[in-house]
Each structure stands twice: as structure tokens, then as C-alpha cells.
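The following pair of complexes shares a single chain, subunit A, combined with subunit B in the former and subunit C in the latter.
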Partner chain A sequence: MSQPISPMTSRQRVLAALRREPVDRTPVCNPTSVATVELMDLADAFFPEANRIPEKMANLAETSYTELGFDTIMPVFSIIQESSALGCKIQWEQKDNWPTVKMREPIWRDVEDIRIPPDLLTHPDTACVTEAIRILRRRHGDEVAIIGKTMGPWSLAYHGFGVEPFLLMALDDPGKTMQVLERLKEVTIAYGLAQIEAGADALTLPDHATGDLVSADYYRRFLKELHAEFAARLPVPIILHICGRTVDRMPYIAETGMAAFHFDSKNRPDESMAAVCGHCALVGNINNPETLFARDPEQVEAEVLANLEAGIHLVGPECAIPLQTSIENLRAIPRAVRAWHSAGGGARCHHHDHSHNNG
Partner chain B sequence: MTDFSLISNEALRGEIEEFVTRPAEIERNLRVFSRAHPRMQAIALAVIEGEHHLCDRLTREALEAGHVAIEVMDDGLIAGMGVVGIKFRENFIFVPEVLACARAMKSGMAHIEPILSASGVPPAGKVVMGTVKGDLHDIGKNLCIMMLRGAGFEVVDLGVDTAPDAFIDAVEESGARLVGMSALLTTTVPNMGRTIEAFIDAGLRDDVQIMVGGAPVTQEFADDMGADGYGKDALACVAEAKRLLGINA
Partner chain C sequence: MGHVLELGRRVALQPMDAHCHDITVALYRDLAPGGTPFYAFHSYSCHPDAGLRLDFLAAAACHLGGMVASGARAHAVAWPCGAAHLSATRRLFVEVCKLAGPALPALRPPEADEARSGARYHVEGLGAGRYRLSADAPGDMSVRLRTIAGGFGKLAEMAVDEAAGPAVAFPCGHDHDRLVALLLPRALNARAAMREEESVAGRGVLVAPSAQNQPN
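Showing the complex of A and B:
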């Protein structure tokens, strides 16, 4: 029988869940972007400025806590900040679209082309995030978990080489590919440490070795050891994020020491729990395009319940929320979590977690 | 009873036996490869194995030996790429391997295309393809193009971030009767609908078939925006292209 858990702050709840320890209720978390057009209006912080000006970035990010009732704040709304500092060309777009790296204009052709610039951490687009984290920490103290984001080397290689050239390199020349990843991992480490120093409680680490592009064997051969190194060298809980179908590589991910894996709705919650076998927490996996964006709160609540019943440790959207998602649908997530726990679901959840910890 | 021994190339036969499981696809591959010359079977295998230097050499040698270009393309390169598409759909291979196979196909087509062009042989069909305005992602669109070209289509590739007017201009310039649009972002899916509206405004909607695809796109979204076809993956894109243009599989 589980002992009652004292009420926790959002920060305590998130960090406990990332350690797979008992929580007073399941935290609601999005380790990727929560920005929406409606939230931009509320915060008076719009794209593209909210990706480039620390104050606006912080204002928009904190709406996940102040307006939606999530337990986390995540100030990075895109995947381009360090790629911009590395020299990639960026299409910044407007209020209604995310900024994107112009991958059809690659900046590298070979390992030797990769130069990590001395201003990696002081470049305006990387420093924007660290400064936003400092602002958020000052404003919110220890109430809420602040999550940073540092891109993994596989994703950075897509940006620098272009997706197709890099994937062909991985097939044609695995040795060179490893050299690329080894060189780029220092970007991941340096930017992660800078955000921890600025006050991040945890880091999202996107590294898109997705089943939509490569086999699980690619993950095992190229990334498993590197990800274990990240988990060891970055002294906060790391949440690995990979979109798409990933259940075939979750057993490898679970062996890296990553605190959690943020998983996509292409993977069922129950099969994902079985795949990680209690070795890491899972975050997710409410469908974005078909549910959060296109349906109503009842359907959102149904997906929340499916996650809770499966024992998912932190519930939230599967990836960056579509910018046109309604606030009403997003607020349905914490509401459904609270309702489930009020109805006694929490006892089942604690028991579930406890059995995993002992397993 | 399926008789795989009709395929004389042992390695190719192994590929079909191991990776092609749907009865209609087994039948089609047996029909094509059992009558294909051993040289064509070897070319198909080079495509399937992503061996571009080998495919380049075998294609050149086949033409020098007197095989006609259309035979090399249909029974060798296209037939091989058909197996690649099946292996990709069934997750036996992934994008890097498909890229290598497409590279092999391209190395062979480099010898074939000038001959077909000079002799006026028409392509299976002509398609205008592009990623819609505001979206810079192209891997899905490019996979579709590889499979379309692998099936004998001529493709006008508009690249990424394609404005509605660019689709319209390309249709008018190329005479294509089929348009394919791709999007990866939820924010850019509405631009597919806007492009369809632009075709209506230009008075061209009845002249073209429009198919859509991409990670956030569903059949429901496709129907809502008024598209004629939807493909959930690259092989489905080829099937839709054939259906919309009335080409027999």
C-alpha cells in the first residue's frame, strides 16, 4: 500500500517523476515548445521576436505555467538556436510559423568543415535562451521546473550537412559519421552546461534518429554510447526527444542512463512502457495534429487517460504544440490529470511506479 | 503454388522470396522478372542493393550489347526500384538505404534518359511536386520523387517553400496534369488548401489532379481541403499518381 504523498510544488513533482519516485500527482509537462498563437497574444510576445529576445521568450514560455497549468516552463520554441550560432542559415518566419534551418543550403561537406565558433555560447541566438532561463528562474524561484534544450549531434548534423547527405554518409562511411558526431557532441555538452549554469532543472535533448528515417540499429551503433555520455556529463535529468516511431529503439534508449524519453503518439503508451522496462521515465504522448490541434477537449482528455492508465510518468503533448492549437484543448490536459487522481487513479499510479522501481 | 525458380538470378530470387509478401505484388514481380533477361535481373539487383557503380556499368553494358533503352529501364531499373519501395514500406530498409538505391537508379537512368529523350518515348506521366509555402522540409517529398521517377514518371521538382503561384506556373509550363504537395509542419498544412484555392481562382482546378501528403496530413485533412488524393508514404504516392492519371499498375 502506497503512503500518501505530501503536496508538492510543480518543480518537486517534475523532478521526482523524472527520477521515477512517488509523486502527489502525475506532472503535466511539455519538454518541447508550448508556444501557440493565442498564448503569443496573451503574453504580447510573438514569433519571430520571441525566439530572439530573452524577455519575450520568457514571457511566452511562462504561459505554460501561468495560463495552462502545466508543471514545466520550456523557453525554447524551435530547434535552431545553436545551429544559428554554428553558421546555418535560418528562415525566421512570422507569428504563425516556426523558424527553420535552411537545410538545402548546407554549411558543411566534410568533418574538417565543422568549426565550433568561439562565440557559440555568446551568440545572440544561444545567449537568448540562457538569459531567458535566468529571467524565468528569478521570476518563479523554485515553484516550477524550468527545462532547457540542447540539440544532439545527429540533429545538428542534419542542419549542417543537410538530411540526405548526412544519411548517405551514415550508410557509406560510418567511421566519418562517428567523427562528425564526436565533434558535434561538444556543442551539445557546452550548450547544456550553459543552460544548467543559468538555472535549468532539466534538459530536453532532441536527437532525431527516428524510425521514420533510420533503423534502430543506427541508434545502437551511432548514438547509444554518445547518449550515455550525455547522461553522465550533464548533471541534471536529461529528457531525450525523438519524434516518430521509436518503440524499436526504446530498449536501447532505456540503457543510456537518460532520465526520460519524450515519445510520439505513433507509439502506444502501453507498448512504450513495456519497451523501456522501468529503466527510464516516459513523457508524452498526446497526439498533436489529429487531437490537440483538430479535436475537442473530450478527445484530449481521453488520450490523457490512456497515458495515465498505462503509468506514463509525465503527461503532455508528443512534440512542439501546433501554433494554432486552442488554449481550451491544452487546459484539458492538467484538468484530466487532476480529475483522474481525484477519482483514485493516483494510488494506482504510485503502485505502478513503485513496482517498476523494485523491478 | 508460387514458383520463384522462374527468376533465374539467385540473389534477386532471394530478395523477392524474403521481402515481398503480398500475393498481388509477388505475382507482379514474378511476371516481370521471370521474363526479364538475366542482364535486366542483374541491373534490378544492383538497384535493390544500392550499388551505383555496378548499376552504372551494367546499364552501359546492356545498352552496348544491344538491349533497347526501354527494356533496360522497365525490366531492370524500374522493376528493381519497385522492390525497393516494398522493402521501405515494410520497414526492411530505411531512408539511407533508399537514398543509395535511388542513387543507383539515377546512375543507370543517366544512360537511358538521353536515348529516350531523343527517340520521343513519353514518360509514364508527368507530375509537379513541391513542399508548400513556409515549409523547408523536403525529405518526404524527395522520397516520393525518387519512387515516382523509379516508376517511370517525369517529375518537375519545385523544391521547398513553394508559393501557390509557383505550382500554377509549373503546371502551365510543363503541361503536367498532376500536382503533389508535401508539408511536415502543422502550421503549413493550411497552405495546401490555399494552393488548391489558387488553382480554382486561376481557372485551372479542373485541369489538374492534386494529391497531398506529409507527416501531419491525414485522409480527413486531404478531403477537407479538397484534394483528389492522399498518400501516407512514398509508395502510396506512386499508387495515387497512377490512380489519378488512370495508369494501370
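Showing the complex of A and C:
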């Protein structure tokens, strides 16, 4: 039988769920961006400035907590901050679009080309994030979980080499690929540590070893150990993020020591819970393109329920939401979580969780 | 900084209004106390010009589409028949957002020319929300007219009566002359009009680096 849990702050709730400990209710978590164009207007903080000016970044990021009712604030909207510091060419875009790395202009051809610049952590585009985390920590104290984000070496290699050249290398020359990942992992670690020092409670670690391109066996041989090293060297809960169909490698991910895996709606909640077998928490997996972006709150609520019924530890969108997503669809997520728990769903949730921990 | 409001269901969005400092303008659908649907133009922008822009967009929806101001909320408009006409309203939103303002444009005549065929098309009101389509052009235009009628069906959820000319009809049974005149040039190429709406909506969807194949 589960004890009634006394009310928690958002931060306590998120950190407990990441440790797979009992919670007063399932936390609503965004390991990736929930910025929208309407929230940009509301916060008077717009892309691209909100990716480059700490105050703007903090103002836009905190709307997840103050306006949407999520339990987390995640200020690293883009996936290109450290790639900019590494020297990649960035297309910064405008209010209604994401900044991207110009991957058709790769900066590396070989392992030796990879140099970690001395200003990696003081470059304006990386320092923006650490400064925004400091601002948010000052503003919100211990009330809300602040999540940082540091990109994994596989994603960084895409940015530096270009997707096709790096994938060809990965197929042709696994030895060289490992050398690349070994070099780049120090970027992941250094940037992660800087955000922890600035006050991040947890870190999202996207590493786009996506289902269609990288097999489960490839993950086990080339990435699993590396990911275990991140979990060991970064002293906060790490939320690994990989898009796409990943259920085949979830058992390996669960063995890395990562606190949580942020999973895509291409994987069903119940099969994903079975795949990680109680060895890591799951965060997800409300569908972005079809549900959050294109449908109504009722469909969002239905997906939230599927996650809660499966015992998913933290509920939220599957990936960075489209910038045109409606506010009412996002607010439907915490509303559905609260409604489920007040209808008695929480007791079932704890029971489910324990059976997994013990089983 | 403002706060999120309960505005009903968002049904259309202009993420960057080129005619007003790139503010985001949304159209929300809600119900008035009597249960009648209304639509409200809304922006969370605190730009000092935002209010005037919303005034203009609501006025343009009335002028060009034949909607009427609704007292339910600021910048709210409704159809005089009391129906929702959701697709038509979304289309009207796209059209008014294209206008620079502040002057309202001239009303569209109930006819449109097609450069490609040299044809001129007409819509003629038959009363009770029905409109007959016809063409000034040599040769048999019946297939083309049926396609255009289908375009009205897609853009404004109108029923198509192929036998009658063809004719198209609003399910509410009320006339919407200004709306029909506004839609006619779009109905000539409904697919392009709908693609236009989709391409605006498709911006800002993050693509994983491994899935980016367009040059950038």
C-alpha cells in the first residue's frame, strides 16, 4: 500500500520522479522546448533574441511554469548553442522558426579537425544559457525544477561534419567514429557541468541516434558506454533524449545509469515501460505534429491518460513543440494530470511504480 | 508581462504579422452567453500598435466577409446567421491578415477573371444561401464550373448542387454575398489556397538534425 504523500513543490516532485520515488502527483515536465510564438509575445521575448540574450531566454522559458503550469523550466530552446561556440555556421532565423546549423557548410572533415575552442563556455551563445539558468534560479528559488541541456557527441558530430558524411564515417570506419565521439564527449561534459554550476537541477542530453539511422545493436556497441559515462560524470539526473522509434534500444538505455529517457510517441507508453523494466524513469510522450500541434485539448488529454495509466513517471511533449502550438493544448497536459490524480489515479500510479521497482 | 487568458479554442494563427511589427495574431472561437459562436482576434503582444491592428482586422472581417461586430469581447465578430462557418472564417482570417490597413479595401465584385483560360466567372445569389456559378467563355465550361463549386465546398463547407448550374449553398440557409465574392477567386484554385494556409502553419516545426535534408 502506498502512503499518502504530502504536497511537494514542483522541484521536489520532478526530482523525486526522476529518482523513481513516490510523488504527490505525476510531474509535468518539458525536457525540451515548449516555447510558442504566442508565449513570445506574452513574455516580450522572441526568437532569435530569446536564444541569444540571457534575460530574454529566461523570460520566455519561465512561461512553462508561470503560464502553462508545468513543473519545469527549460531555457535551452534550440539544439545549436554549443555548436555555435564550436564554430558551426548558424542560421538564426526569426520569430517563427528555429535556428539551425548550416550543415551543408561542415567545419570538420577528420578527427584531427575537431578542436575544442578555449572559449567554449564563455562564447556568447553558450554563456547565454548559463546566465539564463542563474537568472531563473534567482527568480524561482527552489520552487521549480530548472532543466539544462547539453548535446550528446553524436548530435554534435552531425553539426560539425554534416549528417551524411558522419553517417558514412559511422558505417565505414567505426574506429574513427569512436575517436570522434571520444573527443566530442568532452564538450557534452564541460557544457553540462557549467549548467549544473549555474543551478540546473537536471540536464536533458539529446543524442540523435535515431531509430531509422542507427540500429539497436549499433547503439549498444558505440553509444551505450559513452552514455553511461555521462550519467557517471554529470552529478545531476540526466534525461536522455532520442527521437523516433527507440523501444528496441530502451533496455540498453535503461542500463546506462541515465535517470530518465525522454521518449517519442512512435513508442507506446506501455511497451516502453516494459522495455526499461524499472531501471530508468520515462518522460513523454504526447505527440507533437499530430496531437499538440493539430488537434484539440480532448485528444491531448487522451494521450496524457494513456501515459498515466501506463505509469509513465513524468508527462510532457515528446520533443520540442512546434512554435505555433496553441496554449490551450499545452495547458491541457497539467489539467489532465491533476484531474486524473484527483479522480484517484495517483494510488494506482504508486502501486504500478512499486511493482516495477521490485520486479 | 501579460498572462494567458481563457479565450476559447484557437482556430487560426498568423505567427508574424508583416503589417504590424511581426506580432502574432490569433483567432479564437468561443460561445456568447446565448450559445451563439463568435470569433475574437487576439494578440498577446504588448506592442502599442497591436490594439489598432486588431481593430482593423475585425473591421476588415466585417467589411470583406460580411461578419458583424459581436459585443461578446474586444475585437470579436460573428456571422449574422448565428452559424459557425469555421472553414470560411479561417479563410477570411487569412485574407484580412494580408491587408496592410488602415484603409479598408474596395469590396470585391461577384465575378473573377481567370488569366489562364481567359474566362470570367460569376456568382449569382438565388436566395436562402444558394448561389449559382456561371462563366463567360467559349465552349463547354460545365466541368470547370463543377471543380470551382467543389472549391467552394472545400474552402467554406458549402453544399454543392451540380444539377443547378452548378450551385453552391450555405447550410445555414442565409445569404453571405460578401463572403462568396471574396472566396470566388480562391475557389478558382482551392488547392493553392489551402496549400498557402498549410505552408504558414508548417513553419516552426523542429526537425531533428538527422532528418534535415533541405539545404540550409
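Assume the second predicted complex is superposed on the first by the 359 of 359 C-alpha atoms of A that agree within 3 Å, B and C clash if a C-alpha of one lies under 4 Å from a C-alpha of the other, contacts with A are read in each partner's own complex, and residues count from 1 in each chain.
Keep this in mind: contacts are C-beta pairs under 8 Å (C-beta built on N, C-alpha and C of every residue); 3 or more make two chains touch, one makes a residue touch a chain.
Keep in mind the model is a prediction, meaning the values are calculated, not measured.
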| item | value |
| --- | --- |
| Joint occupancy of subunit A by subunit B and subunit C, clash or fit | clash |
| First, second, both or neither for A:159, with subunit B first and subunit C second | second |
| First (subunit B), second (subunit C), both or neither touched by A:208 | second |
| Which superposed partner A:41 touches (first subunit B, second subunit C, both, neither) | second |
| First (subunit B), second (subunit C), both or neither touched by A:324 | both |
| Subunit B versus subunit C as contact partner of A:168, first or second or both or neither | first |
| Subunit B versus subunit C as contact partner of A:178, first or second or both or neither | neither |
| Subunit B versus subunit C as contact partner of A:289, first or second or both or neither | both |
| In the superposition, subunit B vs subunit C on subunit A residues touched | C |
| First, second, both or neither for A:306, with subunit B first and subunit C second | neither |
| Touching partner for A:120 - first (subunit B), second (subunit C), both, neither | neither |
| Part of subunit B, among the options 39-47, 57-65, 111-119 or 183-191, whose backbone runs into subunit C after overlay | 183-191 |
| Set intersection of subunit A contacts, subunit C complex versus subunit B complex | 91, 96-98, 100-104, 163, 213, 244, 288-289, 293, 322-324 |
| Residues of subunit C that touch subunit A when the two form their complex | 1-4, 7, 9-10, 13, 15-16, 22-24, 26, 43-46, 201, 203-206, 208-213, 215-216 |
| Complex contacts: residues of subunit B adjacent to subunit A | 50, 91, 93-97, 99-100, 103, 134-139, 142, 159-161, 185-189, 215-216, 218, 221 |
| Residue ranges of subunit A touching subunit B (in the complex, touch as defined) | 91, 93, 96-98, 100-104, 163-164, 167-168, 170-172, 211-215, 218, 244, 288-290, 293-294, 322-324 |
| For the subunit A and subunit C complex, residues of the former touching the latter | 33, 37-44, 46, 59, 67-68, 79, 91, 94-98, 100-104, 155, 158-159, 163, 208, 210, 213, 243-244, 288-289, 293, 296, 319-320, 322-324, 326-328, 331 |
